[in-house]
Amino acid sequence: MNECYLGIDIGSISTKGVIIDNDNNIIASLYSWTEGNPIEAVKKLIKNLKKQLPNNYQIKGIGTTGSARKLIGLMLDANIVKNEITAHSVGTLNFYPDVRTILEIGGQDSKIIIINNGIITDYSMNTLCAAGTGAFLSSQAKRLGIDIEEFGEMAYKSNNPVKIAARCTVFAESDLVHKAQIGYKIDDIVSGLCKSIVLNYLNNVGKGKKIIGPIVFQGGVSKNIGVVKYFKEILNQEIIVDPNSHLMGAIGIAILARKNKIGKVYDLNIKDIKFEINGEECERCSNCCEILKIYKNDELVDAWGSKCGREFK
Amino acid sequence: MVKLKIGIPRSLFYYYYKDIWENFFDRIDVELVISPKTNKKIMDDAIKYSNDEMCLSLKNYIGHVSYLKDKCDYILIPRIDNYGTDNQTCTNFLAAFDIINNIFDVKILNYNINLNKKETEENGLINIGLRMGYSIKYLKKIYKNALKKAEEKRLSLIRKNIKKLESEKIKILILGHPYNLYDELFGKQIIKILEKNNIEIIYSDLFHSDITNKLSERLSYNLYWKYNKENIGCIPLVEDKVNGIIFLSSFPCGPDSLVNELVIRKIKLPYLNLVLDDLDSMTGVETRIESFIDILEGMNNNV
Amino acid sequence: MSKKIVSFPMLGNYSVPIKYFLSHILDCKILEPLKITSKTIELGNCNSPEFVCTPFKFTLGTYIEDLKRGANVLFQAGGGCRYGYYFELQDKILKDLGYDFKYINLVTKGDQDLKKIYQDLKELNPHLKVDKVLYYGIITKTMIKYMDKCDDYIRQNIGFEVVKGSFEKINKKMLEEFSKVKNIFKLRKIYKKYYKEMKKVKTNKPKETLRVGIIGELYTIMEPFANYYLERELASYNIEIKRYTNVHYLLFEKKRTVKKYLKYAKEYIKYRMGADAADNIGRCKYLCTHNYDGIIHIKSAFCTPEIGAMPIINKICKEYDVPVIFFSFDANTSETGIKTRIEAFYDMIEMRKKNERMLSRN
């Protein structure tokens, strides 16, 4: 029997899963949509991954990362639950041991990670709002009536990016509508949007960071060739986009699951597990915290959301 | 011999001291390099070198310094601690020197204004002159002259501004800090829109500051920011003469966030509160101003 | 106005000494503010101007809750930045909401005017005598000093307590006894007793721990609700915490210390930059040169002095190669986002530490 490890990255928009072997080779992988329901998304994801997995493999570790990492970690009884910054770095370092800078733009978050000699030495994440992230791009694409897949290509082709004020989602939206109204070409607007995302990223997330090559760009937005083009142009450096750039977080957490294995063998029969979340308002004080109670097969396994640290178990 | 070049960023301090500086340094053997009116390049640099959360006006200042950084020997950056306990300034005026000194590798000519400790602008400028080898007597004389010329110019501007209050046109008081009011990409854009709509514009900074400073107490008795006092202090003078007020501030100006809110709660005149965050995007601003003018015109016709 | 009921804004555990002081010198009922909750913030948020800094919103929310509970005299004390101007606008906002009350600000135009403070207090209690104010003033000052000393010890050790909650329990008991103390000797005795107890709390602190310094804007640092219980979160990762800002520092040490900081960090700053900006730059250099593993800078959104300090803090940390992370808290910051960032910060400093140890062994 061969050993393998499952890594799942559950983001706000997409859910990613990979299974790797002892040499970090990818045996199975899937990119799917979260659609607001991480539990269902993961169940579907695992069903699919199981089909891809040859019979002579057994799962010796599970890791979860992404915004729903804690919940899914509980559901799958994962042996490691880690934040996406660490996971992304571990994944990237596996393929690019010399990497110095990781640029990442995902659905709701964007981040920059600075690496020196294989360890994270600095990082930062977007602060206030979702401007300049994947969710923002897709909503603007929709507004302009463009398919998100075409978006990058249109942007790539244009050489006259229109200046768009993209510091804030609200301002950007009104500016975009305005520019479209007064007759700018749609390619140029799309291109301007991609450029402004890059500028915005560098002025916000990347502020004060020394961006040294090799630079690896990942996260959902790395598939947008328009954004890649402007990163190259503005940083004046080569930008590496791995074919698996969208899976990097999942790969990283799978590697961490391998490194932290506890000897347990996991079966993947989760479709029968009854897993429920109940949200209720705590009435102890006027904080009125929204408490999430997690039940696995009708048993309370965890609860979180209280500001005062009240225990529920 | 090559003249020493002193750079002055056309931002923040400049709008309060330009006439004194220009006249003073005119009598000293140096060349003044004043950064151009704010343009796109300056704004791009502003965003590049500043911190994302800084107020737009401080970013603007940083942009202007960036323009000057390799075009002169020294950059003139004063620091204002206070004009007395009752007349302090926004902390950016306390911090600008140290911020610039850390962001850029430039040589700075600096003096401190702290009236509580008797550190004045006069002493500051004279010290700069002394370092260049001029006599104290000469420097005192040219400072006095510079001050006189600057005051004369200001007086004539004030007279013009007050005269406009008699105009028959719709009159709007535009209330804001001079570094915002007269910046090419900021206040000037708003002024252009107002002029296009045939509005008589009254500027909040062009009144006798000793009077407005005192009068501000009628609207706010505990105010200790000099520049805000002198802005709002003109309201009692003009409130029955103008049709409306436009409050103009940069996002997220600390003093304005409180003072303007208090004043807005106290005045009875129609007002428009414009807080600008991004100079590239005047989208919507024009519409807001025009509809404000429509309201004022409607009210004017009904009287 | 009927019987006077006095209240004040909430600031961590400091409500104990504040209440103690006021209740002994004033002849009126003291209404202790409720702990800040989401509802407080909501109340403050919807009645505040949009881009004012967060402490304004928090204290306004507290006042509304206090007034609803019957308070009719409110205290405020702030200065150094726009904090000093809060009260005039808050007064107007609350009066516009229809409340009838007296608002006393202990700071005039950003400065402490002892004579005016005494006059204000005298108005509330005509029989007030100077010696009484001094007597209880000294006890209160000492109480704050003791509290801050205990807090410092707790901060360094709470991440390692064997029985969770041990420190908090002792601290709570101590504060309870503090609030009933009659004279300074008794106060000292109580402090000694509990400080000893704290030292006896079992901890499993390893020789080498991760040490992190917290610097930034004072209100956000001192009110745990405003910083999303950052210290508790860090302690859960077994991190030893160093923090400077406390009430004793602000009231009694700052004036002297800030000059030292200016001298200490003179290659970076020449002047006081407003509020605590210069202090934080000095502290940043200290932390960088004293083997701290990381620095966390926190502030409320729109805090102008700290925003000015940030590029300089960043520069110092770069020069000394110490990781730094900046948090800007607002009334609607996402809690999950903060937790993710802290976890990643922990991972990073841990990895760096391991790496350092490996390198030093080779």
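Note that the chains take the letters A, B and C in the order they are written out, and that residue 1 is the start of every chain.
The rule is simple: contacts are C-beta pairs under 8 Å (C-beta built on N, C-alpha and C of every residue); 3 or more make two chains touch, one makes a residue touch a chain.
Computed from a prediction, not measured in an experiment: that's the story for all the values here.
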(request) Name the chain whose C-alpha centroid is most distant from the C-alpha centroid of chain B. (result) A
(request) Pick out whichever of the two, A-B or B-C, is joined by more C-beta pairs in contact. (result) B-C
(message) Distance between chain B and chain C based on Cα centroids, please, to the nearest Å.
(response) 35
(request) Starting from the mean Cα coordinates of chain A and chain B, work out the distance between those two points in Å. (result) 45
(request) List, in ascending order, every residue of chain A touching at least 2 other chains. (result) 127
(request) Please list all residues of chain C that touch 2 or more other chains. (result) 301, 311, 328
(message) Show the residues in chain B shared as contacts by 2 or more other chains, in ascending order.
(response) 51
(request) Within their complex, state which residues of chain A touch chain C. (result) 67, 82-86, 109, 117, 119-125, 127-128, 208, 285-289, 307, 309
(request) Please name which positions on chain B make contact with chain C in the complex. (result) 50-51, 53-55, 58, 79, 81, 85-86, 88, 90-92, 94-95, 97-99, 101-103, 110, 112, 220-225, 251-255, 257-262, 265-266, 275
(request) Would you pull the chain C residues touching chain B in the complex into a rising list? (result) 49-53, 56, 81-82, 84-89, 92-93, 96, 105, 108-111, 268-275, 277, 301-302, 304-305, 307-312, 315, 328
(request) Spell out the part of chain C that touches chain A in their complex, as residue ranges. (result) 34-35, 37-40, 225, 229, 232, 301, 311, 314, 318, 321, 323, 325-326, 328, 330, 336-337, 340-341, 343-344, 347-348, 351-352, 355
(request) Would you mind writing out the residues of chain A in touch with chain B in their complex? (result) 127, 163, 165, 167-168, 171, 174-175, 178, 199, 203-204, 207
